[in-house]
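The first chain written gets the first letter, and so on, giving A, B, C and D; residue counts start at 1 in each chain.
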Amino acid sequence: MSGTKGLNRQQMADRVAREFQDGWIVNLGVGIPTMCSNTDIGDRDITYHSENGVIGYGGVAAAGEEDLNLVNAGGQNVTLKPGAAVVHHADSFGVIRGGHIDATVMGAYQVSMTGDFANWKLKGQKGGGIGGAMDLAACARRVFIILEHVTRDGSPRLVTACDLPVTARGVVTLVATNYGLFEPTGTGFRLREIAPGLTVDEIRAVTGGTLTVADGLREIAVGG
Amino acid sequence: MTQKTKLWSSFKEAVADIPDGSTIAFGGFAMPGTPFNLIKALLEQGAKRLTLVANTTGGAQQPRMPDIGMLVENGQVAKVICAFTAATRPTDVLPFTKYYESGEVDAELVPQGTLAERMRAAGAGIPAFYTPTAVGTELAEGRETRVINGREYLLEYALPLDYAFIRARTADTAGNLRFHRAQRNFNPVMATAARCTIAEIDEPIVPAGSIDADDVHTAGIYVHRLVQVPPAPEGIWPAKRQEKKR
Amino acid sequence: MSGTKGLNRQQMADRVAREFQDGWIVNLGVGIPTMCSNTDIGDRDITYHSENGVIGYGGVAAAGEEDLNLVNAGGQNVTLKPGAAVVHHADSFGVIRGGHIDATVMGAYQVSMTGDFANWKLKGQKGGGIGGAMDLAACARRVFIILEHVTRDGSPRLVTACDLPVTARGVVTLVATNYGLFEPTGTGFRLREIAPGLTVDEIRAVTGGTLTVADGLREIAVGG
Amino acid sequence: MTQKTKLWSSFKEAVADIPDGSTIAFGGFAMPGTPFNLIKALLEQGAKRLTLVANTTGGAQQPRMPDIGMLVENGQVAKVICAFTAATRPTDVLPFTKYYESGEVDAELVPQGTLAERMRAAGAGIPAFYTPTAVGTELAEGRETRVINGREYLLEYALPLDYAFIRARTADTAGNLRFHRAQRNFNPVMATAARCTIAEIDEPIVPAGSIDADDVHTAGIYVHRLVQVPPAPEGIWPAKRQEKKR
């Protein structure tokens, strides 16, 4: 990730985590989204839900204190917060499918201007890795995506239409990239906040559709 | 048919009668709740043309534990029904993937929640249900959907099992089970969907009545064979995952 | 019940209970079927399931030792046998609907020669009392019915076709009345065993369809 | 929105904001798990044109406890969705029955397992499912059925709730619940289906973390308001049923 412009991985996660409201139930996908749980968002009480039925998990367990039968969706040995509960997999996806997740944060290969996103299958691949992504994408109240703004060869990941097989259509409401914080508008993306060191024109050049800019565009606060 | 007959003295005996062509589900999500010892016994037993059901086919993490990928490598598998035929990270490789890509083994890729719900439905006598999951995706192409209250849903069918291989922390002689933490995952759901559920148990099996009726996670009516996991190295236990360098 | 011919209520229940095989999971309906749990069937191990999610209940609690939060489907305060488990209502009907009940025993107003039966609604009534009867009737592996052989005015309850609204169609495999033990045959009823003091002709006169008689017809053992 | 705000000091306050026209489910099967105190509070609160969901409408047994029939008698109810509009024994009489027969209050008669499953479906995001129950009966007349693997099934829709009134033995401040024995019944299912679940609790409410995560019956995310039941006579507790002479 070093060498990329703008926010680093933790800073992207931080920006998304600051959207979480007191009392929310949140599901964090594997990878960068997991880092949202590191962010200091004051005394807001967030319940983290994991696909395997752990409701209310806490931080990663300290070395030597792991319970090998307690993992989050990424397979990391985590701890429990007071008030946690464990349910089985059908009930856990009942939590998801039933609309009880206030926000899910996932990684993706692409997000479209209509809120579609793709994160389970590469181009030309047979099969793929769906896991719980399609359930979360279709059913969580809010779908937040974190991804690098451009591919390794510099192509946009915020596109007019996904050319990879989608995970769900029309569900993404917020996207954090290393360049800024965006909302799909249907005809493009709205830049809500910009990463330090980036310009709107730089971003527009590598973003699909029409880039609109929030009034009084603010810079994303980093650190702290 | 309760008490004595639910206790089996070895994994080998507990899987001995599984015929070729069976549909077998495997509990577990990452390491917790995975029936490592039963997988190993099935590798040795050698049943063929199996249809396997599980969250993933295994082998992306280190250390590698007995997994479905090994049954595939051992030539025992016709088809896998799972939520991952490939790893999420393009850099990880599942041993199974090449068998699927070459067409040697078939696969049905199912979203994880739909997979769990299809087995829950089988256990609960629901032959089919509608779900919002996967609508508008490649997985829904050519399949039946229905608009209910203005939203589009996909029709999914129950997934009944011949066998469920599961792992729990505690069992009584009536087959009642308790799971520890994330060990629970798919295990209780698979137990309801299977004609025969075989459970490997972490702790010494206790007399019926030792688990309070309010504390049972899986009712004994769903559990047919119990085998206690011996201490390592004879028995296989969850290991600490080795973190990869990225 | 005094004044009726043949078996009394407990004797009808006893005869049905003797059909239960070792290891069966059995659901007993309110009324006479409940009495099946009083029958001595040796060391056969039967798990009694109640619609409210109690799996493995035992006898009625002794006076003064009731747990007021532990009842069977009839609302009686019962006890638990070792190995009992409690589940919630959706899971309890998952047990039923999923085909995990080996036998259900219910009362009825009528049973037809094709195995239909009626037990939830009187003639001309608006609405009725279904409870769990339709779930049990449609989904248990075996549906056993216990009822008086004739109505108060002497009409058959074993009929060619139910004229009351049915609970389920084609599901009844065994019927115990005060006159005997019967199986619906499609064109009538087969008398498997006869109650002491009754004759086949007496029974034929008050039974719908063709009454066939088992080879070497035995008398129902009563008492003991 | 957790901890402090889930604790309510009275039943009156806990039901004060329930608007006319709400759909409210009531846990309980016979006496265990019935939210007698919340029913009493709703009688006093007076909300009108309610749709009520419960196993039965109550009143067939003695002693008579606060029940849905009383809400009907109090003129608060437009419709009841239940498994009994009349008692099973023709000799028993439900106070509700005459309101239904006269057309004063509407009713939807649903088999008990279908009722539970429709609420489970609502909580779990399943908009509709197929069931073998009630096929071939009057309840299926004119409705959609479908043959799956050679058997006929009836289409049933999810039943979402505005409120669930439930009763449990133990609660922690995060809203996690445990039920005692047959107290469980419909309560956990209704909690998942409701926008707002109000629970009356037998025992003093304990701090979050006092109930082990493996021992929770209903996760706190489904429970919004907790009220502890005071000792009798202020609080209402299950009574011993008076057996009728037959």
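Note that a contact is a pair of C-beta atoms (placed from the backbone, for glycine too) under 8 Å apart; a residue touches a chain by one contact, two chains touch by 3 or more.
The shown structure was predicted, so the numbers you read here are calculated from the model rather than taken from an experiment.
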- Query: Going only through chains that touch each other, what is the minimum step count from chain A to chain C?
  - Reply: 2
- Tell me which of A-D and C-D has more C-beta pairs in contact. C-D
- Query: Between chain A and chain D, what is the gap in Å from one C-alpha centre to the other?
  - Reply: 37
- Let me have the rounded angstrom distance from the C-alpha centre of chain A over to the C-alpha centre of chain B, please. 28
- Check each residue of chain D and list the ones that touch at least two other chains. 117, 120, 124-126, 131-132, 179-181, 184, 213-214, 217
- Query: Which positions in chain A touch two or more other chains at once?
  - Reply: 54, 80, 86-87, 90, 93, 96-97, 139
- All touching chain pairs, where touch follows the definition stated at the start: A-B, A-D, B-C, B-D, C-D
- Which residues of chain D touch chain C in the complex? 29-33, 55-56, 61, 83-90, 97, 100-101, 107, 109-114, 116-117, 119-120, 131-139, 169, 179-189, 217, 237-241
- Give every residue of chain C touching chain D within the complex, in rising order. 30-31, 50-54, 66-71, 75, 77, 80, 86-90, 92-93, 96-97, 116, 120-122, 125-135, 138-139, 165-170
- Note on the structure: The answer for chain D against chain B in the complex is residues 117, 121, 124-132, 146, 148-149, 151, 153, 157, 178-181, 184, 213-215, 217
- Query: What residues of chain D sit close enough to touch chain A in their complex?
  - Reply: 1-3, 120, 122-126, 172-176, 192, 207-209, 213-214, 216, 219-222
- State the interface residues of chain A toward chain D in the complex, per the touch definition above. 22-23, 25, 45, 47, 49, 54-56, 80, 82-87, 90-91, 93-100, 139
